[in-house]
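Heads up, the next two complexes both have chain A, just with different partners, chain B and then chain C.
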Partner chain A sequence: MSEAYLLSRKRLPDWIKSLAEIYTVLGPVPLRRGQTVFEPIASADLLNPNYCSTMLSPRLFIYPGCQKLFTVNRSTGQYVTADPRTQRPQLIFAIHPCDMHAISVLDRTFLAKYEDYYYRKRRDDTVTIVLNCNKACDSGFCDSMGTGPFLRLKQGFDVALTAREKDFIAEPASENGERLIGGRDFFERATAADLGEKEEIEQRAKRSFTKHLDTDGLPQLLMRHLDHTVYRRTADSRCLGCTNCTMVCPTCYCYNVQDRTGYDLMTTTRQRYWDSCQELHFAQVHGGNFRSSREARMRQFVTHKLATWVEQYGCFGCIGCGRCMTWCPTGIDLTEMAKEIQRDAAEK
Partner chain B sequence: MNEQPKIGVFKYSCCAGCEFQLIYFQKHVIDMFEKTQITYCRMLQSGGHPEGPFDVALIEGAITEQWQADQLNRVRAVSRYLIPIGSCAVCGGVPAIKNTTEEQEIEKRVYTDTSLVHSMKTGAINDYVKIDGAVKGCPMGVRDLSELVISLLLDKRPEFVNCSVCVECKLAANICVLVAYNEPCMGPVTNAGCGALCPGHHRACYGCWGPMEDANAWALAGQFRLMGLTNDDIHRKFTEFGQPTTQWKAGQIK
Partner chain C sequence: MPPKNENQNPLEPQTAIIEQHVEETDDIFSLYVRPQINDFNFRPGQFAMIGLPGYGEAPFSFSVIDPRSRMLVQTIRKAGTVVDALSALHSGGQVSFRGPFGNGWPLEKLDGKNVIVIAGGIGMAPLRPVIHHLIENRSRFGEIYLFYGVKTIEDLLFSDDLEKWSASIHVLLSADEVRQNCRLPVRQGLVTVLFDQLLEPLSDAVTFTCGPQIMMKFAAAHLILQGQAATDIYVSLERRMKCGIAQCGHCQIGAKYVCMDGPVFCLPDIQRFADTFL
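Showing the complex of A and B:
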């Protein structure tokens, strides 16, 4: 994109304030005991730009966990599509590169051949300001997945920020992004030297990773070893079928729909809510359940994220955020499973 | 359904909270009474027709005496659908805690004269008769109750909530108390429906809705041990609400 700008840390509150006049600004806010959550903020006071990760990714602002789709009335024949839009347009502030990539991965599902009306509306109404990560987070491996620590997307977001000691480098990536910066006197032009330093920060950030996954040939390898014992062993001894892994995964798109009829027996509302392949009834169809074993469900998660997604959408379904293993009550780590399969294949 | 469906409500060993829920506390009491015919319910009216027939028999409470089992069999025979309501009926609930102690010892602790007590091992309703679904909860959940009544009126198959509490917990965006605060939460093995009430108040789930269908109690018990719980603690967790269930057996370690 064209220009890069500088915003002094002291002026961040001014920027947030001016953004909050137009948008509902959703930013990382510290919660009890070390957690961070994305919440609407009116000023920079509550903001914690140094956050590591959040339990739920900002996916939920575009693709909410539970969403009303439409209402039908049997007596009047009326069909009313629910309006998915929020009252004001929203702006996600300081979303990390992995989570921004995750939204671009979701776009491939919801905005491809068959466009999802509800997703489209929310996506169009959402401005995204990315904050690059200067340091690896606890269980992240975005560097291996090509989704971090600095943003690698060229489009699909509005501004990318890089934090330095005294200021932020701000790079707009869309017309909207230009508008959010342009005409605001607290931005200065960045120099080539500033962008050079950005490179250095990125290289330093890349060196801070302790978790890695070798993705070279991984999809093919996983598909060749679908019956590897790691699935059964992990599933039986540790998997609770609780679905936390997929609920927190920023790229999981599966949902179920539910119709609820009122006591008038005429009005029915259909809603959708996040569903999970780790749940027993997910694969229940007429005539049976094609993934009734926990092992099969575990294999589905790992191979969808790291293998079949590539064929389906041309990218990995895992952006390396580390949430699934962090929020799994028994700490099940899909990269460990993949590595075990890689090790065994190498030995053979 | 042309005629108003006939409902019979039967109560066995429990606190009667589910019947209270049905008659007084749930949101759609009036709708329900207008659209159905409650032909037998002792809490509501004396008399009635305990002999049936019923379109649906709602069974509250666990089975702890022989007469209850006998009556239950008769009710089953005259009911199109038979649905246990609430944890005692669905999975033994609180009355089944007594199964963890020797029967005579527990009777002596409560009654001075045990000659009148003819209590037996606590069982859930489906230990005795075939059931056609369940309205889970302690007390039973209003969402599933409405789903049952409306499905009956529309003559469709009800869709009861049948996933783990964790699903509702994540949809409510609660920070997970098990992972973040090392609380021994029963959510991963417990049937949802409560809306993750306890985790929503930063408390571990007690498991009061009983097991979810595919619970991996063994794995959660193992995790609890890693978190520092003793075998006794773990045993109590898996017997507080679901002692007779097969789904939680593997967690009932001694």
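Showing the complex of A and C:
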């Protein structure tokens, strides 16, 4: 749609500095034990644009792990809605394409027939600058899921960056994005040759993947084999039920609601926090539990991400970031389960 | 991003006033509730999230919908923290109220058909407004059967209504245990023992059922064996819910949200997923 620009690596600190004047800039910062974490940054000194993947995706800035909904005055019955916004508008810098896709996946849940008041406010108040990945990360398979290594979204974000040796190609995708670039003298116009090189980098990045998943007909296949033994075998021998997979998954949206009343018994605060289908209580109803076995909970995770999500929202619930397997204490890999079902179906 | 929808905050409840508290059986009571909302638009089979600040919310369907007096009746079994708190409330009390949610019974599918209604225990509650609709518009339907199964005779809900209804529709009752006499004829056994009373060919019938999932499973299997099309069977499901608006994820069955796509489902449309027990 619009022009592309170039930002030399030397001027990146200037840009970050000017952005930090308006926004709380959240960028990937290398912290203890080699883990990169998104944190507020005031300058580019700490920034690690070559990061691979973070444990928690930036979804938590838009959909926090624990969020206040409202307070009720118990004597007057008066409700006061919590303001979900942060003090200053936030800008997520160098979010990877898979994580940007994940936010667009969350949009389909929270900005649907019913619109979540809290999510909408945070989403509108957050600027996103995407950094394309020049090579595959350790357990990523975003190329197979259509969410990377270069951003394939056309809207819903503000700027897309592509790193080159000496500079970044910056492509604004919204009015806001144009504003972040326009009028700043450290940006130059990119040429057709620059964009041609971007293509090449993308092709190189695509070739660097070692992990793949064939998604053709996968939802239908999984739904035909709900009783496949792989779920039971994996669940019973390896799943600890720790819920790490769902806590780190950037598209997981389930929440639980909790009321907390102050010690003076005058005010009740209702809050929500991330919940997990891998917890036993999740499918509890009076007199029973619809997913009382670990096998059923494992199947719920795999078939939701790779099958039923497509019917619900028109896209996969898995964006191929590889977090669930990276942070699983026993390394359970949902693509391995899907592949086993594919192999068995092919042999029959 | 989808365009902005100027609705208010769907998670923030309104207040509703309790007009009456009626003990129906040992462990079931009804709350007559008047929600303070302008748009009184509730359909049989839909539900509302009702609760108390400090205790939380839970979904409850309507056993009476009365647009004239703008009153709803929730018939509730005593189970869980929220219900414990609600059961202590009496007329004049206030509850938090969000709704209506869900699709409701597809009443339009009943026109010109024989109708089979199968209720189990507290599952009678969301079917009561269906019976009201059927009786008010009696001439639009063929034969109408209500099969209603309970554990013991003391668990029968709305017995005055049952007696009245039997003047215009077939009311057939069963109880797992029949130890004493009852004003109404009750057969001993599960609800399926009553199915020998079906007179009409089942191919022209539509079934609505609500009750324990194991009951719905066997009742549906029974009817299908007797010739009814599975696509003419509608089940109302129960799941725990936190939001009612297809976001908290608790009520999901496969690709469906019980709160938004349901709670009423055409049987084959929900049976295809895992963990339905249908």
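By definition in this document, the second predicted complex is superposed on the first by the 347 of 348 C-alpha atoms of A that agree within 3 Å, B and C clash if a C-alpha of one lies under 4 Å from a C-alpha of the other, contacts with A are read in each partner's own complex, and residues count from 1 in each chain.
Convention: a contact is a pair of C-beta atoms (placed from the backbone, for glycine too) under 8 Å apart; a residue touches a chain by one contact, two chains touch by 3 or more.
Computed from a predicted model, the values in this text were never measured in an experiment.
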Once chain A from each complex is brought into register, does chain C clash with chain B or fit beside it? fit
Just chain B (first), just chain C (second), both, or neither: which does A:Thr326 touch? first
Applying the touch criterion given at the start, work out whether A:Asn134 contacts chain B, chain C, both or neither, answering first, second, both or neither. neither
Based on the superposed arrangement, let me know which partner A:Thr261 touches: chain B (first), chain C (second), both, or neither? both
Give one of first, second, both or neither to describe whether A:Ala283 is in contact with chain B, with chain C, with both, or with none. second
Quick check for you: in the superposed arrangement, does A:Cys239 touch first (chain B), second (chain C), both or neither? first
Quick one: classify A:Thr86 as touching chain B (first), chain C (second), both or neither. neither
In the superposed arrangement, which partner chain does A:Ser8 touch: chain B (first), chain C (second), both, or neither? neither
Have a look at where A:Thr215 lands relative to chain B and chain C in the superposition and call it first, second, both or neither. neither
May I ask you to decide whether A:Asn176 touches chain B, chain C, both, or neither, giving the answer as first, second, both or neither? neither
Anyone got the angle at chain A's C-alpha centre between chain B and chain C, nearest 10 degrees? 70
Min C-alpha distance, chain B to chain C, superposed, in Å, is 5
Doubly contacted residues of chain A, that is, touched by chain B and again by chain C: 258, 261
Chain C partner, complex, touching residues on chain A are 69-70, 72, 74, 77, 79, 81, 104, 107-118, 120, 123-124, 155-156, 223, 226, 253-259, 261, 268, 270, 272, 275, 277, 282-287, 290-291, 296, 299-300, 303-304, 308-309, 311-312
Which residues of chain C touch chain A once you look at their complex with the stated criterion? 1-2, 4-5, 7-13, 15, 53-57, 77, 79-80, 94, 212, 238-240, 242-243, 245-250, 252-255, 260, 272-277
Where on chain B does chain A make contact in their complex? 28, 31-32, 35, 146-147, 150, 153-154, 159, 162-164, 166-167, 170-171, 173, 175-176, 178-181, 185, 187-189, 202, 212-216, 218-220, 222-223
Under the stated contact criterion, what part of chain A meets chain B in this complex? 31-35, 37, 55-56, 60, 65-66, 236-244, 247-248, 258, 260-263, 265, 273-274, 276, 279-281, 294, 326-330
